[in-house]
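Would you mind keeping the following structure in view while I ask a few things?
First chain written, first letter: the chains are A, B, C and D, and each begins at residue 1.
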Amino acid sequence: MFELILAALVLPIVVGLITLTQKNLTTIRYTNLAGSALTSGIILAIIRKITEIKVFSSEFLYVDYLSAVLLLVVALLTFTATLFSLPYMEREVKEGHATEKMIPRYYALLNLFTFAMVSVLVVGNLGLMWVAVEGTTLASALLVAFYFNRSALEAAWKYVMICTVGICLALLGTMILYYAQVNAVGETQALNWLYLKQISNTLNPTIVKLAFVFILIGYGTKAGLAPMHTWLPDAHSQAPSPVSGLLSGALLSCAFYALIRNIIIIQGTIGTEFIHTVLLGLGILSVLLAIPFVLVQHDVKRLLAYSSVEHMGIIAIGFGVGTPLAVYAALLHIINHAIAKSALFYLVGIISQEYKTRHIKEIQGIARVMPSVATMFMIGILAITGTPPLNIFISKFLLIMAMFENKMWLLGGLTLLLLVGVFAGLMNYALKMTFSNVPEKMKRANVSPVALTAIGLSLCLMIIGGVYLPPILSEILTKAAEIVIGG
Amino acid sequence: MTENIYLIMLLLFSAGILLPILTSSSPKITNILAHGLSVFGCLAIVACSVEVFIAGGVTFTYAMGLPVGALIIRIDNLAAFFLLALGVVGTAASIYALGYSREYYKQRLGLMAALYNCFILSMALVLTVSQVAYFLIAWELMTVVSFFLVNHEYEKTANTRAAYKYILMTTLGTVFITTAFLILSMTVHSLDFQMFKGASLTNTLRNLVFFCALLGFGTKAGVIPLHIWLPEAHPAAPSHVSALMSGIMIKTAIYGMCRFFLEFLGVGPAWWGEVVLFLAIVSSVLGVLYALMQNDLKRLLAYSSVENIGIILLGIGAGMVFMSNNQPILAGLAFVAGLYHLFNHAVFKSLLFLGAGSVLYSTHTKNIEDLGGLIKKMPYTAVFFLTGAAAISALPTLNGFVSEWLTYQSLFYLPQAVTGIIPRLGSVILIGLLGLTGALAANCFVKAFGVTFLAKPRSKHAEQAKEVPATMLTGMGLLSLMCLALGVWPQGMLKLLQGVLSPFTGLDVSTLFKHQWYAAAFNIPQANGVIAMPLVIGMLVVGLIAAVLIYNFNGKPKNVEGETWTCGIIPNARMEYTATGFAQPVRRAYKAFLRTKDTVTADKSLNPYHGVKMKMTVGISYLIDVWLYRPVKKGILFLVNRVKPLQSGNLQHYIGYVLLVTVVILILGVRW
Amino acid sequence: MTLLTILLLAGAVILTRVSSLRTAVGILGLQSVIVALACLIFGLKTGEFHMYIAAVLTAVIKVGLIVYSLWRVTLQLKHEREIANFNVSFLLAILAIIVSYGFVNKVLPHMAGETLGAAIALTMIGLLMIIARSQAIMQVVGLITMENGLYLLGLSITKGLPLIIEMGIFFDILVAVVVLVILTHRLKYSFETTDTSILNELKG
Amino acid sequence: MSVLFMIIQVVVLAVLAPLVAGVIKNTKGKMQSRRGPGYFQVYYDLRKYFKKDNVISPTVSWIFLAAPYIYFATALGAAALAPTLLFDRGLHYDSIFVLIYMLALGRFFLALASLDAGSTFGGMGGSREMFINVLVEPVMMLTLFTVAMRANSTVMSQMAGAAAASGISLSAILAAIAFLILTVAETGRIPLDNPDTHLELTMVHEGMVLEYCGRSVGLIFWASAIKQLVTILLMVNFFLPWNPVGSLPPVVWMILKVLVIAFVLAGIETSTNKMRLFRLPGLLIATGCLSLLAIIAM
């Protein structure tokens, strides 16, 4: 097990280094494809192993079902993102948005990013977890700024600044938590998650509550919860599309994972009431704040970014409701959202490359320019808006069901209504882009099969996820939910 | 047995969904395969419901790999009744589609055919699934599939807008449906419909469920003021799909209401019924009024669907009032009336849509101002359309008449059931308004048929019209026969409805109908009534014979040709009375409701006195839009534009937000 | 120790009044030196070995690399000056110090070492600089100041975080500064200025 | 048995209908200080019509040809259902709604026929006829409702019985007035319509049948006469059911009352002048209010 985890951590670094040394683009492509495939394979192996040994913990590493859920997300997205990057970056070079010598840097950073995210998920020490989360920011910052044009720089600057300020608050929180630990039991096993979990009820509630606030804000900023989400639309819209997919699908989820890890300990000390209330509040606020920007939007990638804010809100609501069912739903929602949203970002990548713009008004008649892409796009939009029989509906429905089970009639109804608001915006623009008349300069285009494969993979998962959930996955989620509840 | 038929049905439709996509190379094969399969699928549906009526209801569950529980299929009489309607209309529509699809050989036929099959399947699922999660899945599937069908001809941007309006409204409706279902299921801690009966709810929750169900299903049914999507979406879809949408899909909403109001919620307070009645009468009067104003044939039909949903709900609402007033027999009568009209409307409205489709097929225009004289070009279509028009105007010996009569009968006893002067007076006026609806409907369909099929062709399209292929005629013929059969011999359907309604508490249909072979007679404590269709037919036939005899009393007359009298000028098509002109008196009399905006433009250059080339454009604006939807839209946009500046692009602000929320939560934490 | 604290705060306060980037970076270096010294003193007090390492790391990374890289950039930004209302931020900085000391003495007197208040004050001033300054370099300086504050806080409430974590944090700060320096570089390159107040194109 | 009664009734009414029409025409003449056509004039007209041949426009379709038969047939049907003195015919098939929809059927086809010829006048007539029907139908329902509520049944024989049983009351009188106006409307007379105008633009019912000639027109006029008699019978049996005590048998009373109504109609037609089409809604709304008052007063 240890070896596996180590491999999963080292492999991306190695691939990254190889990439930097290589000049030949083809080799780079194949190395990275192979590398990502191998990484995903290893991660899946880890998950498989977890289902047998339930939990693995060493001095600094800790993996259990909860990490497994997120590892699954990272595994899937790393692979699809890399696969999609191949044709995408090729085209970028052809279009002249990027030069050939930027390509190695891109792939190297991509691998670094993967490494950072995996390390967030496998470390068992809250301090190191903080380090890793900050690491993801730094690794992705240069990816966001990849094109080094004005708006990309602006986005990256804001991204780093806001996230670092936020993450500093998280550091403060972590320190306070450590202080609580020191006061309670001394310095042994500082910030070791497992240990803290065991002794959580001995900590001083007031201090821990203080810590919670800072940790929540810090990781919440990274997870894109409103109103700390402000960096998100900029970064997502300026990064290269595969990276946008990763950011939205994997990074946000990883930040959320860090938050949850902390909360598991904190709720052992101060109880769940305050935590749940705050999470519910932020969740609703995120959904609410996303709506106006989805209803009136000019940039298609920002549109998707705000929908990510909304979905993070939904997940927050899930953890805020806090019943086993709700948490189960929230975790499932993390997976579903990651798959669907990344696929959508890839699609938008293709579309914006074809139309040479991200302006919704100028993207018209996809259905007649790229029928296959249009079909996938509509399916993706339907999925992301939680329409059956696609995967997100299942988690959405379970979540709402959990709310009603908790006698939250009005909150549940309100959430449903808000989702309609988002639906209205997304559907409106999706229809305008897909079915309107084609501008004369556009003619029927053919899309790279590799890209379609990458998206098709996610699409299959979406459709299957809508009608069938593998029992093994269901078991993982149930156990993970138990861990979150603190059972 | 039933289960096997059901599975076969599923199989057929699944094949119907897959094959067209695979064989999309040759449209002819696709067409025959897909619609052939759907014909058999619909027959299977009919068989299924018949089997249920004979052998009794069935329940079977399939464990699915989803965390939302097992799939429960339950077909009781109520479901079977709706399935029957679906099967009959579906069969006709599918046969019709065999011919009609030629229109789409160059327009993504494979996709359309697949969606068509999926559409029928989803409706069948909606009617049979008896578990909340899967019901919602089927419901949404139905919406989405029909949405793509509405959007099928996206070459016209208007269709896309219609589709958007449609899916937005229905999604909004689904919110309320979900809420209603989840409140119920979470109080009984089960997703199975069967458990909902007599769920112990507090009054507030009970009313909440009622309203959510009413709003949610009302949206799908197209009840005013939630109807705005309907007149946009139904015309946009391919005609055989419009037929199914108007004929069956909006009825699935009524099915949902029946489930809630009859089964789940049980007998409710009287005001529930009164609310339903109010919505119903508003829908029927405004619906038919707007229908009369339309010149687009399919839009006209769509609005008349709104009207007929209103009439159906009149029956159901009256039934609810009677139930709460503890008059089970009258309640039974009212529900029978409602459901009978539902079935009838399913039949003749789809017939009319298919007719409109045939007109579209051979003239390629829906604007009746450009039509005329088609009765000579396409005689059979004309006969079928006339049957539908007469039936929907509730003329005797056709099915519409029977259900209309039953509705009148049940409404007649309403004033004695309701309490309070306002409801009492209201229920009296109700009858007057229903009369008004009937008269307007007759007016509307005289216009529709007369202008479309009679007199001289008004345009080239109409002149070059040809009779449609046999398959399409067969489809329409089938439904026309149904219209006649259900009118001439209502006993069968009434017996069926007795079976459908008997299991529900609060109403009593056992003693309702004395089944003479010749008369649908009902007797209730207050009084009794007979409707002897054979007698009515007899009178008409005897009358006709008498008329013919008298006509030819002194030998056969000699018929001489002579031009129509138009003060001595040779008449041409431009002198004919137009559809707009035909509707003008009502238009003017009901200005207040229609908010007519008419403008006359004349080119005064040649003749400064009254000008030449006079042109009149007439328009009406819809109250609901003006009073409800536009303000809401404005308000939302206003809020949006107030909120958007938050994302100001200024880093300092952003960090400010972070600190602000930190402080707020800190304070919260301290105060906790 | 008290002397160091006073120096530290004085430096921070002065930091809010400088308009030249290089001066700011210089003061930052000074500040980092003080922090390193503080760390050393803590080490001497507690005899914790890893404190020494932490001190060394601070010296090497914060004083050495970070200041160096920032200095490098500022060399290219000859004509960049901070233009902001110094008086306001100055007063705010003073206020921050008063508030934080008041807070410490009121709320948690039992742990009112000299440094805690200073640490909080330093953090707040750092944040203040990020918000109130528009020069990229100034914001970075603010960030480091904030981080210094946090570090000091860690030192004063606990005896510093475990070494491995400390190293991670140091590493992160280093990388962050490198990234920010690159970005600043590019800003200069494509906007001809490093005044971040013009970075407000991405809206809505 | 009841069927036999029915046939007798149909024959009698069909035969007498033209006479009533004649009486009205004659009285009108007298009131306008003319001699007026003889009582039997309508019979002569009909005989003449049925001798004539047809001129048929090439525009028309089978609808045009079939309409007169259907119109006549529905009139006979109405006659068969109309309430006469043979109250309570065992079976309750004679629902008021059946009668109303019988008439509706005839109207429907006549309106279609009016469009079929493709002349402006026909269309105009049809449109107006349907419009007036839109105004009349709801009021008709309400007014009949007053009686039906008294009988607590919509079966005409029972309604007539109940009406006869109940004494003179305010509500009854109001309803009677309302229905009188409706009778005028249904029989297509001034002030709603002008049966013997010769100017196409003022025609309503006449406009619809303008294109007919010969035997068809004979059928239509006869049917209209029957319809008129049926309406008057409704008036008599539902709204004037009271027979002043006397030795005369009820049949005589009924005939007398029919004649009285005929005179009244003639009187109205002489004394008022035709309203503009768009004044009619006001009139009929007023009528509707009358019948509502009648219901409230009950």
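Basically, a contact is a pair of C-beta atoms (placed from the backbone, for glycine too) under 8 Å apart; a residue touches a chain by one contact, two chains touch by 3 or more.
Chain labels with UniProt names: C = Hydrogenase 4 membrane component (E); D = Formate hydrogenlyase subunit 4.
Just so it is clear, the model here is predicted, and its values are computed rather than measured.
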- Message: For this structure, I'd like the pair of chains sharing the most C-beta contacts.
- Response: B-D
- Item | Distance between the centres, which are taken as Cα means, of subunit B and subunit A, whole angstrom | 44
- Message: Quick check: how many Å separate the C-alpha centres of subunit C and subunit D?
- Response: 101
- Message: With centres defined as the mean C-alpha position, give me the subunit B-subunit C separation in Å.
- Response: 70
- Task: Let me have the rounded angstrom distance from the C-alpha centre of subunit A over to the C-alpha centre of subunit C, please.
- Result: 31
- Note on the structure: Listed in rising order, subunit B residues that touch 2 or more other chains are 644, 647, 651, 655
- Item | subunit C: positions in contact with at least two other chains | 127, 130, 196, 199-202, 204
- So which bits of subunit A are touching at least two other chains? 157-158, 161, 165, 233, 293, 296
- Query: When you check every pair of chains, which ones turn out to touch?
  - Reply: A-B, A-C, B-C, B-D
- Message: For a test of understanding, state which residues of subunit D touch subunit B in their complex under the given definition.
- Response: 50-59, 61-63, 68-70, 72-77, 80-81, 91-93, 95, 97-98, 101-102, 104-105, 107-108, 111-112, 115-124, 126-128, 130-131, 133-142, 145, 148-149, 151-155, 158, 200, 210-211, 214-216, 218-219, 222, 277-278, 281, 288, 292, 295-296
- Task: Flag every residue of subunit B that touches subunit C in the complex, lowest number first.
- Result: 644, 647-652, 655-656, 659
- Spell out the residues on subunit C that touch subunit B in their complex, using ranges where they run on. 127, 130-132, 196, 199-204
- Interface residues, subunit C side, partner subunit A - complex: 123, 127, 130, 136, 139, 143, 146-147, 150, 153-154, 157-159, 161-162, 164-165, 168-169, 171-172, 175-176, 179-180, 182-183, 186-187, 189-191, 196, 199-202, 204
- Note on the structure: Residue positions on subunit A within touch of subunit B in the complex are 157-158, 161-162, 165-166, 169, 209-210, 212-214, 216-217, 221, 227-228, 230-231, 233, 273-274, 278, 289, 291-293, 295-296, 328, 332, 367, 382, 387-389, 393-394, 397-398, 400-401, 404-405, 407, 409, 412-413, 416-417, 419-420, 423-424, 427-428, 431-432, 435-437, 467-471, 474
